[in-house]
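Letters are used for the chains, namely A, B and C, taken in the order the chains are written, and counting of residues starts over at 1 for each.
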Amino acid sequence: MTVASTAADAGLPDYVARQPSGFYRSVNPGTKLAVAALEVVAAFLLPGWVGPLLVLAVVLATAAAARRLRGLGTIALTTSPIVGSILLVNLFLLPGASDPIARLGPLAPTWSGLWFGLQTVARLMAFSLAIGLVYLTTAVDDLLADLARRGLGRRAIFVVGAAVQMVPATIERAGEIVDAQRSRGMDTEGRIWRRARGVLPLAAPVVFGALAEVEERTMALEARAFSAPGRQTLLRVPADRPVHRAIRWAAILALVVIVVLRATGRLG
Amino acid sequence: MAIELSAVRYRYAGASAAALVSIELRLEPGRVVGVAGADESGKSTLCLVVAGLAPGVIGGRLEGSVRIDGVETTATRPHELAQHCGLLFQNAATQLSNTTATVFEEVAFGPCNLGLPVAEVVGRVWWALRTVGIELLAPRDPTRLSGGQGQLVALASVLALRPRYLVLDEPTSELDPAGTLLVAAALARIARETGAGILLVEHKTDVLAQIADEVVVLERGAVALSGPAATVLADPRLVELGVEPPAGVRLERAVRASGLEWSAALAEAIE
Amino acid sequence: MDFLMRWVRRQFTTRVIVLMPVAIAINIVLGAAVQQWLKLPIYLDSIGTILVGVLAGPLAGALTGILSNLIWGYLLPSPVGSTTIGPFAVTAGVIGLLAGLWGQFGLFRPRRSRVASVLGAVVAVVMVGALALYTYVRAYASPDQFSVNTSYAAASIDQSRAFFLAVMVVYVVLVAWALFLRRDVGAVYAIGAGLVTGIVAAIVSAPIAAVVYGGVTGGGTDAVVAAFRTGGDSLYSATLKQGLLSDPMDKMITSYVVFFIVGSLSRRFVSRFPNGDRAIADAPNDAHEASPETAAES
């Protein structure tokens, strides 16, 4: 497999050989994924509060150093509906709970409900933010390039890369279709039965419009030797320094250890 | 050394009638062959057959022989065909790979698919960009280009595979006059500098008048007229075949029809 | 082994590789659109997955579903990105897998209303109805280890009958609507396939929702889960019951939309996909004809 080891020698312009910079951003994407996997597993498998709180601490510290706290805040905000639901449901409805905080008529919030709810929320936040951190510090291009270097085929890379690029254009098209259908009488504000009738007039044109290009895109890809055998050339790969490799392996090892300990009951 | 079609008949999968009937065609390196005809006369089908995508990628039934440099297209795999004969379509946007961030990487998409060494990929990309004349576009985002620029990028992307032949299916049909000029000039330069054989389907006969050596006119899947560009484009039967003659020809006819003199100097002035 | 490799490769032609990102984008955009613009309590985020499954096969369908969820959850910025959809990639994979099977069996093929077809449709309805009844009775009536109420068993059997009836009514209404609208008996099979897919999806999703999210989704359906839990259900059980209400509806509607779309596409287009010939109305022989020498398309 051919990789640009010294980009300058190969004559690659800077904007192609671009390497991400910044504290956590310059870390190899594969390493970041491994660390996130470890964090998720730790949040769910380490007993009680230890897992989620430890993971949250690490994630928040890393985000602060990488100056991505604000982004994490936004992600946390988008989980607020579900957080609210979890707290409410568990506060009032934890089965078998018998230590009420107060009695509000028929409803009795319980301490164990609150405790369990908060723990579930902590786990969920640890999970979301661990993955969110990877998202905030890694460009899709870099992630795909790293996976390609590790052997992911060009087909998978094309599917993921093209899907990410196509979503904004498809959203625009869907918006135009909704506007057009609204002017033809599609009801998006009325009763549920009327709104339901809008499913097909919205879905069908969006799908047809998207499918119309499939044939030509297929031929264009074949015309660019897409189905050639063998590995494709990679013009740029994110750096994978020894320290990144070490962290990656350590993370995978720790992950395996946690899973084994939990499976054999040592972690409770 | 040529693309040769003999006794070619092609029917799409699931269709009852043949789209191409008894086609004879020869495309040599360094020559530009223009193809004109009414809608549904088989022009796009001809492009797919010449480039080998029909029946290879889209199925269908092919009779007769389509040879690129002596080898049947039906015996050649799509990625090999791409290195012999490049193919360009009308819509610049659907020809993007949608996986690259810069025009440079977009043009490198083809050579990278072939697994060529990085140095060679870089060399081919710069060569293709230079030949088409778009080196300055190299750092740009390929999804944010004008129609004409997009087609030039698509042209460079196909050129980067170093095909000996190029087939273009109405490359300027979705472009404004400025974009059309850009593409036509680039094609002329490619024919001159690379010695590629070009098959150009166009209904803008002015473009054909400008750069084609020969012109073929299709009608209902068969060749109705063929010969040197100037002769065919001045043929009185063009209109009934659904092809609008180039501006020069129309002007000459109008001038003569109103009884005025038509001189060679006037023809030069329009060129 | 060789046969398996060929079966795998056959499903991932370049055309399928081009279709998949388009389908993924469709999934994500329609899933977001139905929430934001139409504000309906269905997901509608599986149209692309089922379409790929029907046209290309189970593996391609499964991958489309899995990648849709992962991309939607982890690679797209909000407001489009969804923070909770990621772990349900397993469910999406199963939906795509099933769609591939249904497509293979020709369940998404338009059919003329001949006597044999109608009889076949009646048999299909009965079979699907029996399966649904069994599932609902099991899910709603099985004794629950965390159950505290003694009158629970009786109440749940009534519950299960009621919800099964509701789902079957929706099934019949959808089928009748499709039949009168399109006069196509094939709709019965497609919508029935959707019903079965929905049931399986609910069963697969329940443990994920229970473990990762404590059974809630942040939406209105959480009230339903809560209600079941007050009745004494375990977390998993309550989540399953909620799922068995929403998933079959959603998948029946989605399957009908896909059936409609596939029936409206040109034969030329559909026939070029690996399983396309099983989704075309007439005898498949004429559709995908290639000359014997086209070894290049292997």
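Note that in this section a contact is a pair of C-beta atoms (placed from the backbone, for glycine too) under 8 Å apart; a residue touches a chain by one contact, two chains touch by 3 or more.
Keep in mind that what you see is a predicted model, and the values were worked out from it rather than measured.
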item: Category of the chain touch graph - line, ring, star, complete, other; value: complete
item: Among all chain pairs, the one with the most C-beta contacts; value: A-C
item: Centroid-based (C-alpha) most distant chain relative to chain A; value: B
item: Gap in Å, rounded to a whole number, between the CA centres of chain B and chain A; value: 43
item: Centre distance in Å when chain A and chain C are each reduced to the mean of their C-alpha atoms; value: 23
item: For chain C, residues contacting two or more additional chains; value: 14, 21, 272
item: Touching two or more other chains - residue numbers and ranges from chain B; value: 57-58, 77-78, 81, 98
item: Per-residue overlap in chain A, given as positions that touch at least 2 other chains; value: 158, 161-162, 166, 213, 215, 217-218, 221-222, 226-227
item: Complex contacts: residues of chain C adjacent to chain B; value: 14, 21, 267-268, 271-272, 286-291, 293-297
item: Chain A - residues contacting chain C, complex; value: 44, 74-75, 78-79, 81-86, 88-90, 92-93, 95-96, 117, 120, 124, 127-128, 131-132, 134-135, 140, 155, 158-164, 166-167, 169-171, 174, 178, 188, 192, 195-196, 198-200, 202-204, 206-208, 210-211, 213-215, 217-218, 221-222, 226-227
item: Touching residues on chain A, where the partner in the complex is chain B; value: 2-4, 10-13, 15-16, 141, 144, 154, 157-158, 161-162, 165-166, 213, 215-235
item: In the complex, chain B residues that touch chain C; value: 12-15, 52, 55-63, 72, 74-78, 81, 98
item: Chain A-facing residues of chain B, complex; value: 48, 51, 53, 57-58, 77-79, 81-83, 86-89, 91, 94-99, 101-102, 104-105, 108-119, 121-123, 126, 138-139, 143, 154, 157-158, 161
